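This report refers to the structure that appears directly beneath it.
All chains are identified by letter, namely A, B, C, D, E and F, in their written order; residue positions are counted from 1 within each chain.
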Amino acid sequence: MTKVVTLGEIMLRLSTPGHLRFTQAANMGLSFGGSEANVAISLAVFGINAGHVTAFPHHDLGDAAIMHLKKYGVDTTYITRSDDRMGVYFLENGAMQRSSRIIYDRFDSAFAKVNRSMFNWNEILRGVTWFHWSGITPAISQGAADVCLDAVTTAQEMGITVSGDINYRRNLWQYGKSVRDIMPGLIQQTNIVIGGSVDFENCTGVTADSFEEACLEMTRKFPSIRKIVNTKRTSVSSSHNRMKGMLFDGQRVIKSKRYNMTHIVDRVGTGDAFMAGLIYGMLKGFSDEQALAFAMAAGALKHSISEDVNLVTVEEVEALVKEENVGKLLR
Amino acid sequence: MTKVVTLGEIMLRLSTPGHLRFTQAANMGLSFGGSEANVAISLAVFGINAGHVTAFPHHDLGDAAIMHLKKYGVDTTYITRSDDRMGVYFLENGAMQRSSRIIYDRFDSAFAKVNRSMFNWNEILRGVTWFHWSGITPAISQGAADVCLDAVTTAQEMGITVSGDINYRRNLWQYGKSVRDIMPGLIQQTNIVIGGSVDFENCTGVTADSFEEACLEMTRKFPSIRKIVNTKRTSVSSSHNRMKGMLFDGQRVIKSKRYNMTHIVDRVGTGDAFMAGLIYGMLKGFSDEQALAFAMAAGALKHSISEDVNLVTVEEVEALVKEENVGKLLR
Amino acid sequence: MTKVVTLGEIMLRLSTPGHLRFTQAANMGLSFGGSEANVAISLAVFGINAGHVTAFPHHDLGDAAIMHLKKYGVDTTYITRSDDRMGVYFLENGAMQRSSRIIYDRFDSAFAKVNRSMFNWNEILRGVTWFHWSGITPAISQGAADVCLDAVTTAQEMGITVSGDINYRRNLWQYGKSVRDIMPGLIQQTNIVIGGSVDFENCTGVTADSFEEACLEMTRKFPSIRKIVNTKRTSVSSSHNRMKGMLFDGQRVIKSKRYNMTHIVDRVGTGDAFMAGLIYGMLKGFSDEQALAFAMAAGALKHSISEDVNLVTVEEVEALVKEENVGKLLR
Amino acid sequence: MTKVVTLGEIMLRLSTPGHLRFTQAANMGLSFGGSEANVAISLAVFGINAGHVTAFPHHDLGDAAIMHLKKYGVDTTYITRSDDRMGVYFLENGAMQRSSRIIYDRFDSAFAKVNRSMFNWNEILRGVTWFHWSGITPAISQGAADVCLDAVTTAQEMGITVSGDINYRRNLWQYGKSVRDIMPGLIQQTNIVIGGSVDFENCTGVTADSFEEACLEMTRKFPSIRKIVNTKRTSVSSSHNRMKGMLFDGQRVIKSKRYNMTHIVDRVGTGDAFMAGLIYGMLKGFSDEQALAFAMAAGALKHSISEDVNLVTVEEVEALVKEENVGKLLR
Amino acid sequence: MTKVVTLGEIMLRLSTPGHLRFTQAANMGLSFGGSEANVAISLAVFGINAGHVTAFPHHDLGDAAIMHLKKYGVDTTYITRSDDRMGVYFLENGAMQRSSRIIYDRFDSAFAKVNRSMFNWNEILRGVTWFHWSGITPAISQGAADVCLDAVTTAQEMGITVSGDINYRRNLWQYGKSVRDIMPGLIQQTNIVIGGSVDFENCTGVTADSFEEACLEMTRKFPSIRKIVNTKRTSVSSSHNRMKGMLFDGQRVIKSKRYNMTHIVDRVGTGDAFMAGLIYGMLKGFSDEQALAFAMAAGALKHSISEDVNLVTVEEVEALVKEENVGKLLR
Amino acid sequence: MTKVVTLGEIMLRLSTPGHLRFTQAANMGLSFGGSEANVAISLAVFGINAGHVTAFPHHDLGDAAIMHLKKYGVDTTYITRSDDRMGVYFLENGAMQRSSRIIYDRFDSAFAKVNRSMFNWNEILRGVTWFHWSGITPAISQGAADVCLDAVTTAQEMGITVSGDINYRRNLWQYGKSVRDIMPGLIQQTNIVIGGSVDFENCTGVTADSFEEACLEMTRKFPSIRKIVNTKRTSVSSSHNRMKGMLFDGQRVIKSKRYNMTHIVDRVGTGDAFMAGLIYGMLKGFSDEQALAFAMAAGALKHSISEDVNLVTVEEVEALVKEENVGKLLR
C-alpha cells in the first residue's frame, strides 16, 4: 500500500472574512495550514495513504490541528506534543489590484523547538514510498533543519523517493545558519525538486541563462535529482492570475498549457496543490506530460477553494485535464 | 385579471456558504426552489397574478415553503398537504473552473405521491390565462405525470395557453415509464415549448440538422405548438457564462443578442427566469423579438441574484433591454 | 503640522450582505459614510492630521459615528450634538449587469438642522492648511448651505486652500433654493474644483465643447480656481468598471492612465478616495502628474475595500502607481 | 369567515446581534415591527383571517415590509404607498441587569403623513368582525389620529367589536394635541380596552385606589367598554421577568396564573402577543378565564421568539395553558 | 488495547441558528448525529479506541459524515456505502417554556437499506471489548434489525460485553414488525441495559410498581442482563432541566446526585453522553457508584455543548464529579 | 482636566463564537484586551481623559489595536512600536457547569521586550492625576518590570495617585525573578491596592486570619497604601456568578451589597470594570461607600457585555446603584 510521508510545521490560519482588511475585521476564519501538510491532505483526499510528521502544543488548539489532519484521513501517529506555542499566520485576502497579505507569527513554536531525538525515522518511514519536505523547515531552526536532514538521509538509505520544494523564504533563516549552509546537503539527497531559477541561485548558487540550463546544471551538481518542476505565475490582479508549469525530465523541459484563473477564491496553498498533483501522477506511473498536466489542473482548481487544502477528487482533476464539465452545474 | 398557474415540486434548497465545498460547510443557506414555482414567483414580482399548485408535508418546513410563496404574492390556495416528506436539494456553488454541484434528495416526497383525485383542475384553472408545466413533473412519479396530463388537458379544453419546459432529467424517470411514453402526450397539448434539439430527440425522437429544422419538424408532429424557445449557454467557467436565446415563431428562428455574464452570483433558476420573462412578454402582447429580448434580459439578471428566484422588477429588465444604467450606482 | 478640515454629513450606512437584494436580507452591515468624512478618514490613514466638522444626534448611534471617526484618528472636537435624527442610507450592492442601489433617508437629520451660530470657523480653522467641502452640503438645507459658505469664506480669508467636490445631487435641493442660487457663491471661494462638464453646467451654467474648454471658461468666471480635476468612469457592469482621471492645471488637461477594475468589492466612496489622494499629493508638493497618478491609484484601490472608507496606506498607493506587487501575495 | 383588521405603523426593526451594544455592532438584524401589525400576524398564524392597514414608502424596503406581512398571510390590500420615508427603530437587546434600549426614528414617516382621504373604511371593514387599534397611532400625527377616529367610528357603526391598546408613549404626541384631547374620543368607541391604571390616568384622567375600581370608573365613563385587560410585569432582569394578567369582565377582575420567564430571547412584542391571544380567545367564544389564560400563555411564549412577531400555533399555546410538554424535546 | 464498537444510523443534522423557529431561519447549522455514533465519538474523545459501523450514500455528504467520525478519531473501516439517500433530522432549539422540536426525514436511507450480507461481524468484532446498540436500529427496517441481531449474537459468542439503549421510538417501527417481535431477542443477548419502566413495558411487557422491582423482573426474564441504568429528567423549561441517574447492580438501585442544568445550550445527545460516560467507567473498572457519577457528570456537561457530540475530556468530567473548577475561568 | 494613565500589555483576543469549544470553531471573534487598557477604556467611556502606555508590533494588527483604543477615546501618544510579535489570548466561553478557558500565547511580545529607555515618564505623566498598573506587567519580563517600577516611582515623585491590581498569575513570572523579588518594591509606591488575602501572601508574605487584619498588616508594612479593595466571587456556574465587594479604608472594611449575575454574557474584564468604577468614584470625590457601590455596579454590568471592555455610561452605572430601570426595555 502506497504511503507518502511529509514533514513540516502546521500553523493556525486566521483569515479576515471576504476581502476585509485587518483593521476592519470583527472576526476571523479559523483553519490550519502548512505547505507540506497541505500536500499530505491533498494526497489523502486523492485516496493515497499519507501521513504527516510535525509537533504541536498540548493544548486544545493542538488537538484541533490534529483533528484537521485526521478529518481528511492523514495519519497523525508520529506527531509530537510539547508545552510550546503554536505558530500562527494571519491572512488578509486581497482583491483586484490590492495584494493579499500574510502576517506570520511562527517563531518559538512547538515545531521550531523539535530536535532529532524526537523522531525515529527508521520507524516512521517503514513501508513508505515517498517522502516530501520543503525549504521552509530547515529555515525555521537548527533543530528543524537537523530533523529534516535525518529524514531525507534515512529515506534515501531506505530507497524512498524524496521530493523537496526548495522555496526560499527570506523572512525565515534567523537562527544563525544561512540558506547555503544547509540547503545543498538536503538537495543532494532529493530526487524530485520543485523550484525555479531564483531558488536555485539562492539555495545553491547555481545560475544559468534559462530554466533548462539551470536544471541541467542542478542535476550535474546534485546527481540524485531526477526531475525538476516549477510553475510560473502572472498576477494580473489578486482576483486574476495565469499559471503554467514546467517539468525538466533530466534532459529537457516539458511545458504545460496555461491556465487562466479569473475570480480567484483563495490563492494560498495552490503550489502545494500542484505538488500533491505531481506526486500523485508520479506514484500512479503517469508519463511526465500526464503528471505535469494533472499537477497543473490540481493547482488551478485549488484557486477556487477556501482555506489551505485542495479538497478536490482525482475525478475532478482528470475532468479538468480533459476539459470536461468545466464550470458546469452538475446535477 | 391575468392569472398564470404553474404546477411542480418545490424543494428545500440547502446551499453551502460562498464557494465552500460540501465537506467544508458548517452551515447551509436555507431557501426553497423548484423550476415552475420559480417561474410563478418571478411573474408575481413582475406584477402578474400568479398561483402555484404543488404538495407539501404538514410539518413546519412545509409551512415555511408556503410562506416563501406567499411572501412574493403567489396564490397558494390549491396546495395540498400530506404526511410525506419534503424533497431537498443540496447545492455547492462552484467557482472558476470548478463546477457547481447539486445532490438531489427528492424521492418519495409529498409531491411524488400526488394523485389525480387531489386536484380539481376545472376549479383551479377558472379565470386563468396561462398554464405552465415542465418535464420534471412527469419524470417524478406516475401520480405526478397523471396530474400534469389532467392539467394540460383541462387547460387546453378551457382555451388556456399552455407552456412546457421539456427539459429531460436523466436521473429521474425511475418509476417504470420512459420519457417517450409520457412526454408526447403532454407536448401535443402544449402551445409554447421551451427546449432544444437534444430535448426534442430525448422526448419525442425528432432529430434534424439544425434547430430551425427541428422546430419545423416538432410543429408538424405536434400542431398545437405555436412557438419554441431555447437558450444556448457557453460555460467559460462557473463564474463566467455567455448566453443567447432563440425563438422559433412557427416559421423561422429569431435570435437574441448574446449576454456576457462574468462574476456570476447564482446560476440556479436562470432558465426559469428566462421562462418567466417570456411568459410576461407574451401576456403583455410584445412582439416575438421584444418578448425574447425581455426574457433574455430577465435570465441574464438572474445570474446576479442569490437563491432560486428572480427578484427583479419589470423596470429593471426593461432597462437592461435598453442597456440603460447597466452596472451603475443608482441613488 | 499639516491639518485638513472637512465639513459634511455622515450617515448610518446599512448594506445588504454580499449581493442580496433589499427584499432578501435578514441582516445589514452597519457602518458610517459621508463623502467629506470619507476624505478626512483616508487622509488620516495616510498620516495627515485631519479633522471633520458635522452634527450628530445625542444617542448611542451618534456616539458610534464619532467612534468611527476617532478609530481612524480623525479629530472630532468640533462636532455638535442635537436631539435630531441621524441620516441613513441603505445600500444594495449590485453584481454583473444589475446596478447597485441606494435608498437615502436623510431629511431632517441633525446635520440638516445645523445653523451658522453652531460653528466658530475662526477657531475651527486655526492652524489649518486645507479645507474641503462638497456640493452635497449646500443641497441639504439653508442652514447647511450657510455653514458651508461661512466655512469657505473664513478659509479664504485665512489663506487656507479650499477644495470643493461640486457634484450635483438631483434628489436633494428641496429646501427652496436652486443649485444655481447657491453654488456660484461657494465656487468663487474655492481653489481646487472636482467636477465635470455636467456639474459645471448644472451648478453654474457654464457649457463648452470639451472638458478643457469648459475648464478654461470656469477659471475665467471663477478666478479663485487654480485646478480642476475629474474622473471618467465606464461601467461595463457593477462588477467591472474602467476609470481614468483628468487634471486641468489652469492651462491644459493632463490625463492619467486608465485603470481596469474587475471584481469590484465596493464602489461607494471611490470618488472620495480619489479626492483624498489628490489632496495628499498636493499637500506633499507632488507635480500635477504625480498628484493625479496618486489620486487615481488611491481611487482604484478603494474599489477593493468594503464600506465607505479607503483603508490603504501611502505605501500601498505608491506601489500601485509604480505597478509593484499588483495582486501578489505579500508575506 | 372571521376577519380581524388592525391599523398602525410598521417600522423597520434593526437590532444588534446577540447582546452587543450599539457601539459594538458591525451588523444589524433586519426585520419589521409595529404593535398592531404584530397582533395581525399572530392572529394569522393562529389561522384567523386578518388584514392590516398602514402606509409604506414606494421603495424596496416598503416592498419588503409588505412581503413580511404577506409571508404570514396577512391581507395587505388596503396599504397605501407614498414617497415619504419609513419609520425605523433600532434595538439593543439587554442582558442581566442591563436594560434593553430602543432608539426610535419614526417622525415624518409615510404613516405619519396619512390623511382620512386615503382610507375608505366602509370598504375596508366590509365583512370584518373585529377592529384593533393602539394608542401609538393617534400619538403620531393629526392625520393618523383622524384616520384612527374614522376607523373606530365606522367600525362601531357597523357593529364591529373594537379593541384598543391605550398605552401612552410619552415621546410621541409632538404634533400639537395632547393625549387627553384625543384619546377619550377613541376610547368611547372601543369595547375591549387594554391598559392599566397609569394609562387610564394619562389618557382620561380617571384615577382610583385599585385596578378594579379604576376599571369600574372607566366603564362608567365610557359605556362602550365591555372588558378591560392588563398585564403586570416584574423585571428581575432583562433575562428574567415575571408576568401575570388581569381581566375586568365588567364587574370584577379575574387574575391569571403568574408566568416565570427566565432566559428571555426577545421581550419586544410580548404585549402584542398577549393581545392577539386575547382576541383569538374572544373570537372563539372562550370564557373570560380561558381567554385570559390563552392570552397569557401566548404572551409568555413570545419571550422565547426572536423579532417582533409571535410565531406560535394555537396548539402550542393550548399545550402551555395545560402545562403539557413544557420545555421538552418533541420528536 | 480496549476497543468499543457501536452500530447505528448517522443523520445529517440541520439546526436553526440560536432559538429561531423553522419558519424564520435563513440558514441552518450543519452537523451529523446519531445516538450510537455519539457514544463512539465521546469514547474516542475520552481516549478509548472506538469504531462505528453504519452505511452512507456515495455522495459528498456521505464523505462529510465519514470525516466527522474521523476528525474525532473513530475508526470508519466497516462503514458501507450505497446509492441511497442520507437520513436527515431538522432541529429547532426551543427556549424557556417553548419546546425544542425535531423533524425526522430518515426513511429509505442507506442505513435503512442495509442487509446482513454487508457486515462480517466475526471480522468487525475481532479484538473488541464492548459492543453497543440502541433500540432505534431494529426500529428502522428489517435489514437493520437483522444486522443488529447478528451483531449482538456474534458479540455474545465472542464474549464481548453488549450494552443496549432500549429506548422506544413510537414514530419508527413502520416496516411490519412490532417492537415486541424484535426487542426481546436482542435484550436477551445484552448485558448492560439502558432504559426505564416505560421502555421495559413497551419492549418486553414487563411492568412493576417501582424501577427496582421492574429491574429485578427484567433480570429474571433476561438472565444475560448484568446492570440496568436510567436517567430521570425534569424539564423546568427548555433552558432549565434537572437530571438524576439510577443504576441497578443486579440487586438494588444506586442513585446519583441530582444535577441542576440552567442555561442549556443543546439538549440533544445528552443521553448518549451519559451512556459513553458509563461505558468509560465500566471499561476502566470503576465501582458502580463511580461509574454512575462519571456518567452523570458527562451527561450534565453535554448540555453545555452545541451539536450532538460530547466534546469533553476525562479530566473535565472528573473535575465535575469532584466539583472542582465548576464554572470558573481557567487560564 | 483629570487624566488617568495606565500601563500594560494589550493582546489580540480570539474567542470562539457562542459557547463553541476550541475544537468546534470555524471562526473566532477578534478583539483586543488587556487588564490595564480595559480600565483606561472604561474610564474614557465614563468621560474621563485617559491614556494608555504599551508596545505594539509595526504590522496591521498593531494598527488595529491602536484603533481599538482610539475608537473609545483613549490617548495613544506614548505607545511604542517594534518588530516583535503581538501577544494573543484564545478564549473559549464556557456555559453551565463547563468552565471558560483561556489559552495564552503572549511570550516574546512587543510589550515583553520593552525596556526603560523607551518611555520618558516625566513627559508621559505631565498633568496626570492617577496612574494605574497591575501585577501582570512585572510578571512578564525584566524590561516590563523595570518600566513599571520607573512609572510608579515617577508618579509618586510627581504626587500622582497610584493604583495597583496586585493579582498573581502563576503561569507568568518565567524570566528568572520571583513575585516576591519584585512586587514589594512596586506596592510600596502604590496608594490604592486591589487584591485579596491570597495575593497579599503571594506577593508579600503577609498572612492574617481575616481580610481586615490582612489589610491592617499590609498598610503597616506598606505605609503608602491608603485603601485596599477586593471582590469576592462565587461561581454557581459559568452562566451564574455572585459577587460582592470590600473596601478597606485604612481602618475597617466596608462591604457592598451582593450582586446576583445570572445569564452571564462575558466574564472577562469584569474585575477591570470594577477597578475603573472605583477610580471613577475616587476621582469624583465619592465617599468610600459610594465609590465601592459604583465600582460594584460597573463590575456587575460588565458581565452583560461581550468582549473585554465595559461599554457602559456613568448614567447606566448610577441607575443600577439606585436599582432604577433594572432589566427594563427603555424606549
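As a convention for this text, contacts are C-beta pairs under 8 Å (C-beta built on N, C-alpha and C of every residue); 3 or more make two chains touch, one makes a residue touch a chain.
Model, not experiment: these values are computed from the prediction.
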Exercise for the section: Trace the shortest chain of touching neighbours from chain C to chain E and give its length in steps. Expected result: 2
Completion exercise
If you tally C-beta contacts across C-D and across A-B, the winner is A-B
Practice task
Provide the C-alpha centroid distance between chain B and chain E, rounded to the nearest whole angstrom.
Solution key: 44
Practice task
Please compute the C-alpha centroid of chain B, do the same for chain D, then give the distance between them in whole Å.
Solution key: 41
Practice task
Send over the residues of chain A in touch with two or more other chains.
Solution key: 21, 23, 26, 67, 101, 262-263
Exercise for the section: Select the category (line, ring, star, complete, other) that matches the graph of chains linked by touching. Expected result: other
Problem - Contacting chain pairs - touch in the sense defined above - result: A-B, A-C, A-E, A-F, B-C, B-D, B-E, C-D, C-F, D-E, D-F, E-F
Handout entry: Residues on chain D engaged by chain C in the complex (per definition of touch)
Key = 14, 17, 21-23, 25-31, 59-61, 63-64, 67, 85-86, 88, 90, 92, 101, 103, 105, 107-108
Problem - List of chain B residues in touch with chain A within their complex - result: 18-21, 23-24, 94-102, 104, 169, 171, 235-241, 262-263, 267-268
Practice task
Show which residues of chain C lie in contact with chain A when the two form their complex.
Solution key: 259, 261-265, 300-301, 303-307, 311-312, 316, 320, 325-331
Problem - Residues of chain B touching chain D in the complex - result: 67-68, 70-73
